[in-house]
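One chain, chain A, appears in both complexes that follow, with chain B as partner in the first and chain C in the second.
Now for the complex of A and B:
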């Protein structure tokens, strides 16, 4: 199907190189070729924008309990479990907080933390994978076996054990930096990095193995280039496409992990607007105020589908380019 | 083509007929089998301990009271009733309690119940450090101010060093289940056929199988001295959270659930063929700070600041929809009738709270919990909360309210069985915590076990000599007016320097399926009696 779609541009008349009509045409062609990937990419862009600017758009703070007096009423009581209305676009939750605002604020925690953790994992994992793939021998054997043993531990089990041990230690440390970053955020990031570094390393390693004996590497060696130069200037560009696809896929898994832990009540604590935590808080209200559940569930679903569609599109694009 | 059509037709017919035939066969078999056993299925949170002397919460008490009996029973309305003791007599000086014991009662292993078992039970409460010894009379070193002895097989006598108007409530307390003096162990798992041999009670049910953190199955004790229960058995099913428990009840997998949090009550009321039970009680959340040296609340101004920072009336409205009764910031609630007196309470005054915190910062007595941020003094501290009832919700409302007073807390809402288990941040150790306190038949129990120096559950480590003196005097005072006056003074001390905020007293809510007959919800739900319960 993809081959057929990519064959279509040949049928159109091609304007002069670099001209605006040609760029528009190429974009149109690419969208027509893989519309789902572009829907996914558009979704990802929207979510990234929400992560960056969401709090600026939010009418309330994520933890503000809205009382009647806040909207010109007389009651001091919290406006709990109000259905969607002009005052509260997505309604309010059981604590009287604006769900729309919490969704906007929560995008940062739901996407930002997995994004940072995935970037760290990719940097460490790909560096390690490039190194052991290039060096080979006993170093490769030893490190690969250690990484394999880490991969064999189920992600969720490792996450649960790590969080129950790291968070109390961090909380007890009394460090101002840890307090600012948040023990939960640090431990979640550590968990994701620990889980993903071995996976990304393995992919980088196998990609490295396939290129390390090629002529241009030999040539670089003969030129007297250092190991770092060969690793990052010669090999990395070759393995980058595989890493990009893996990173985008890992990011969606990281989001699932963070929201799952949030739903289990681990990792983040109230009043965090992380979407998994919002689902946990709202689940007692499923029959009384179902809208409390709709938005975070929908948000998580659309977010993960967007990342998966985009990841799938990148993979197809790279495969076609090859 | 025709033969293929015929083949498929026959195949479809056979597939359709098969389950019908199987189902028909099954129903015939069912008609011939024995009538279904009457097993009452009860949903509970997980147990923290199974030792009768130490199990303080509803799940533990219910688990044990099915198998064991009390010497004296406390009825749901708080009155006392004979149980293994048929009668008792108190000497004129109030120092000797003589109990006549029921004859013909046997333990599960066939041994007879007698006075030696009473001696063993109450001496074990002391040796195991049960909190109830505080109510019965306790020295500072943890030893008891009373002794118990067997005068003959069916007479047990308690001798007190000083009168104690609440002593009978101690004898009848939820920890004081009568154990066999001949047992080598109490509630310890053995091997093979002896797995449950040390679960040896005189109670209406016998433990058959216990899967830790999952379920416990009991069968009726046909030889029960009070008459065989109408039920064939009871199954306790343990849950991590209230929502799962409610879902199980809604699906028909449970017949009875207790301690339903307020936010689930509307959903509970919609469950078809079920009855919701509500009872006004002295159950309350205790928000407390530790007061010992180096702790957050060592300086009394910090305790006062927390009180000024808290709008209890609003908490009751927001978290409990106004269903509770706003409290005095002390544990003596209106369900105690004449013993309760409303206090001129601390009003919500964030400005006053901020002033107090500023003063503590200036004097450097905040023990590291009062810090300066952007030129302002503020309290920064983790806040540990067990997720009983709606208390997690209360914690979130408090977190918001306190910010106005420059009190910033990092919430840690943990499962109930984690909060009450061993740990640096458990209910007895954390600097700032919220603990669930259930109803007690007498207010003296709170004072004796939680608010006097050295008491087993003195979670705030509060040591107030005047309060200790007044509480001791109240324990010796049986006359209601005199006792009420003492409690009024005690409430005043709580108001001035108490380390606790008690926002409200709440009712307890439970529910049973309509096929259940005869349940009377106890004010301490774990003590609910099932001997008169039947299934339709």
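Now for the complex of A and C:
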């Protein structure tokens, strides 16, 4: 009771009109209050930039086998399993390809694919969750049960089944679009979407339930608003914070899934240099050329830690806002 | 002079918010004498709960006592250690909290929780503690203590749990009982019984009590001495009769003048205290009330008045109390200007006929299996008529179906049966079949201003959207904005509010925005469900005045729902009293409330706490609580609690509708004239109240 009495004036005081210098100092206090989140966010920004522009920075192509002549040498032999040096920042692999370039190219599959898949999942999942949460009744009962049964299937098993059935089917179809996108990319995205839509729609649904009977929603009905307006203009804003937190967390799980499948040899197919696949290929070299393993593993670890730190920071920020 | 049980000297408390310590309570002085029930009154944010909790040395984590002494039993509670304070808590000082359901452990039986206290503090054995618990429950008029002791908290009704808490608080014969809004969550009739019980018990146990409340009515009914807090400072403290008869501080005077009953039955405007209380940390060296005080002078704005002894044991913190006491100046004039523009016309704006609603039948599983779930009949064949330019008041306790009726009319709930006509045009019971014209004419103001506005949309977006959707002609963006700004001014806000979000508005401001939104498309009927129940007294007055002004200006009608009879009787032309889903009495406001005929209305009126210590009386005690609509009594639904029950006829036969003058109707076996005669003869013998109630009847909630 006592705390409640005083919570409000404080909330009033906090966002008081702040001049520019004041805002800057607030940013600084925000950073010092939560430095890890900002390190994570900085990491995420760097990784996303690499995804977008990595291939432009890469000195070589991902599947180019580098021969001595390429770096001014005389031999035509492939430079296999070279340790890191000024020429090859991360060294070369057992077939003579530049690991640094491969990682830059591979960021697309390792980060880009999960990102796209997560975005698709969030769009479908939140729309579905908003809808069934708002409509309720029999529709909600039926769809919720279907989603529950999807959630109950272990992610890895679903992925294995999907990939072993879909990829051959897609490859056989002969469609140009599929060929351009790559059958394995499509199937991986489908797997992630299938796994995430139920989870995200469940979160959107429960957040919707908590605002569905609010006065402002009833007021909207009483002025004759349509379902679309109520869902996306009235309910979505209050559901969004929960969705943002969930999406940022889901993204790092999607990266883990893609790299894990890659490591099992079921993910993005060669010669695409997806990082999990690179770990798989380097596994046999662990004693002779350990750097082949180091860099992809380090890349995956830093990537996931960055995303987790950022999502933690987002959650804390939104909680404070409330 | 007697030694006080507890005395607080110069108490200051601070809260940490962010990195700062902000002062919440400043130099409060308070003394409670033996046998005294001391009322601590204030609006939300005044620090009343903080002071009460500090007095028993129990503060929130982010609070600290920065100064002052709390003397209890010759020692300063601030200096006694943790283990010593635990000996005092529950033994010499006990607490009856606001939310009682939270205060009992849901997984332990009542017996365990009650005996724990006595065994711990009195050092008695299990059997003796059990016997004592039984005695204590019998003391709070629980008929079958053995039954109650063997139950879990959730098996008891709210009123029953409150009795258990009181019994528990008194079981160690404490010297001080702190009552923190103990009846806020209860219905009026239950509240009346509990307050009556508390008053007697505290005297009987020779304890002293601190009663914390925002409700001046209950304070007047219960307390001997009152301290008024505002913005963390004592404004005035005085014996209850003197405080209510002649307040010496402008704030106290304002609070009293805000109450709908202050107009003495005339429909004069209520007094408004302009402005809002200063927020935490914004407190200056001036008098804290100066900004809102109509009598403030330069002195008031420059320096803080001391808390002065005003004689007869009264304390006042005001520079001008002598002038006020001498009657030279009056802080808040109650205007006698009655304004009644165009009186209610004869034509109907709304007629609802035979409205019925049953809940709990439409579960998917039940439909598939063809099973009929028992369900709850929330509305039984209810008919109401609202005249143009009039206000229709709906009164009843929780579970009476008043909100269900309102929501059925709005079609937020689809009634099972019934016929609705709006301005003589038939209207669908389903929202999706209502046209724009119907939506435009039927608007509503919700109870809780905090959830009636979307926190993510600005005031301008919220009201503008309503205009866009419902107004008759298409308007340009700037025309809509102009209209929104006009509406904001009409509800007493300024055009600056256009771009604000609800988080930056106070409760009263939010409610004004909600009212502006309701009136935006010029509706014919506005339904307001408890429009002021979550607001402070001073804000309530502002909103009530606003509703009244808008009715005069816009020519709309209202249906006002409230559990607060004062509010309804002040606003309404016609009143209907509901009980268990049906209307037991309806008629012109004065006829219903001044000459109550139905025994339930009579009991409701008697239970309503009047803010007048001189009008203290034992309320008509209704037996038990409102029965669950699930097992509705046969015959007259009120027969289980009716103090004027005739006999078996009430149990078996549905009472006929008796009609009086001017459409006054009641449902009772007594003819009107006969009822009036018995009521004039005096209140029913209020002897056995809860004592003879079979516990099952109350326990199954």
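One rule holds in what follows: the second predicted complex is superposed on the first by the 301 of 322 C-alpha atoms of A that agree within 3 Å, B and C clash if a C-alpha of one lies under 4 Å from a C-alpha of the other, contacts with A are read in each partner's own complex, and residues count from 1 in each chain.
Heads up, the rule we're going with is that contacts are C-beta pairs under 8 Å (C-beta built on N, C-alpha and C of every residue); 3 or more make two chains touch, one makes a residue touch a chain.
It should be emphasised that the depicted structure is a prediction, and the values quoted were computed from it without experimental measurement.
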Open item on the list: Per the contact definition in the header, classify A:319: touching chain B only (first), chain C only (second), both, or neither.
Closed with: neither
Open item on the list: On the A-aligned overlay, A:145 touches which partner chain: chain B = first, chain C = second, or both, or neither?
Closed with: neither
Task: Touched partner set for A:28, first chain B, second chain C, both or neither - done: neither
TODO: Check whether A:225 is in contact with chain B, with chain C, with both or with neither, and answer first, second, both or neither.
DONE: second
- [ ] Mind working out whether A:283 is in touch with chain B, chain C, both or neither, as first, second, both or neither?
- [x] first
Open item on the list: Contact-wise, after the overlay, does A:238 reach chain B, chain C, both or neither (first, second, both, neither)?
Closed with: second
Open item on the list: Looking only at contacts as defined up top, I'd like to know whether chain B or chain C touches more of chain A.
Closed with: C
TODO: List the residues of chain A that touch chain B in one complex and chain C in the other.
DONE: none
- [ ] Over in the complex, which chain B residues touch chain A? Could you list them?
- [x] 242-243, 263-264, 266-267, 270, 314, 317-318, 380, 382, 392-393, 395-397, 399-400, 410-413, 424-425
Open item on the list: If we count contacts the way the header does, which residues on chain C are in touch with chain A in the complex?
Closed with: 15, 17-18, 22, 24, 44-45, 47, 49-50, 53, 59-60, 62-63, 98, 180, 279-282, 364, 410, 412, 431, 434, 436, 439, 442-444, 446-448, 451-457, 462, 465-466, 469-470, 503-504, 514, 517
Task: Sites on chain A touched by chain C in the complex - done: 1-3, 5-6, 8-15, 137-138, 141, 214-216, 218-219, 221-225, 234, 237-238
Task: Contact set on chain A toward chain B in their complex - done: 63-65, 76-78, 80, 94-96, 168, 171-172, 179, 265, 269-271, 283-285, 287-288
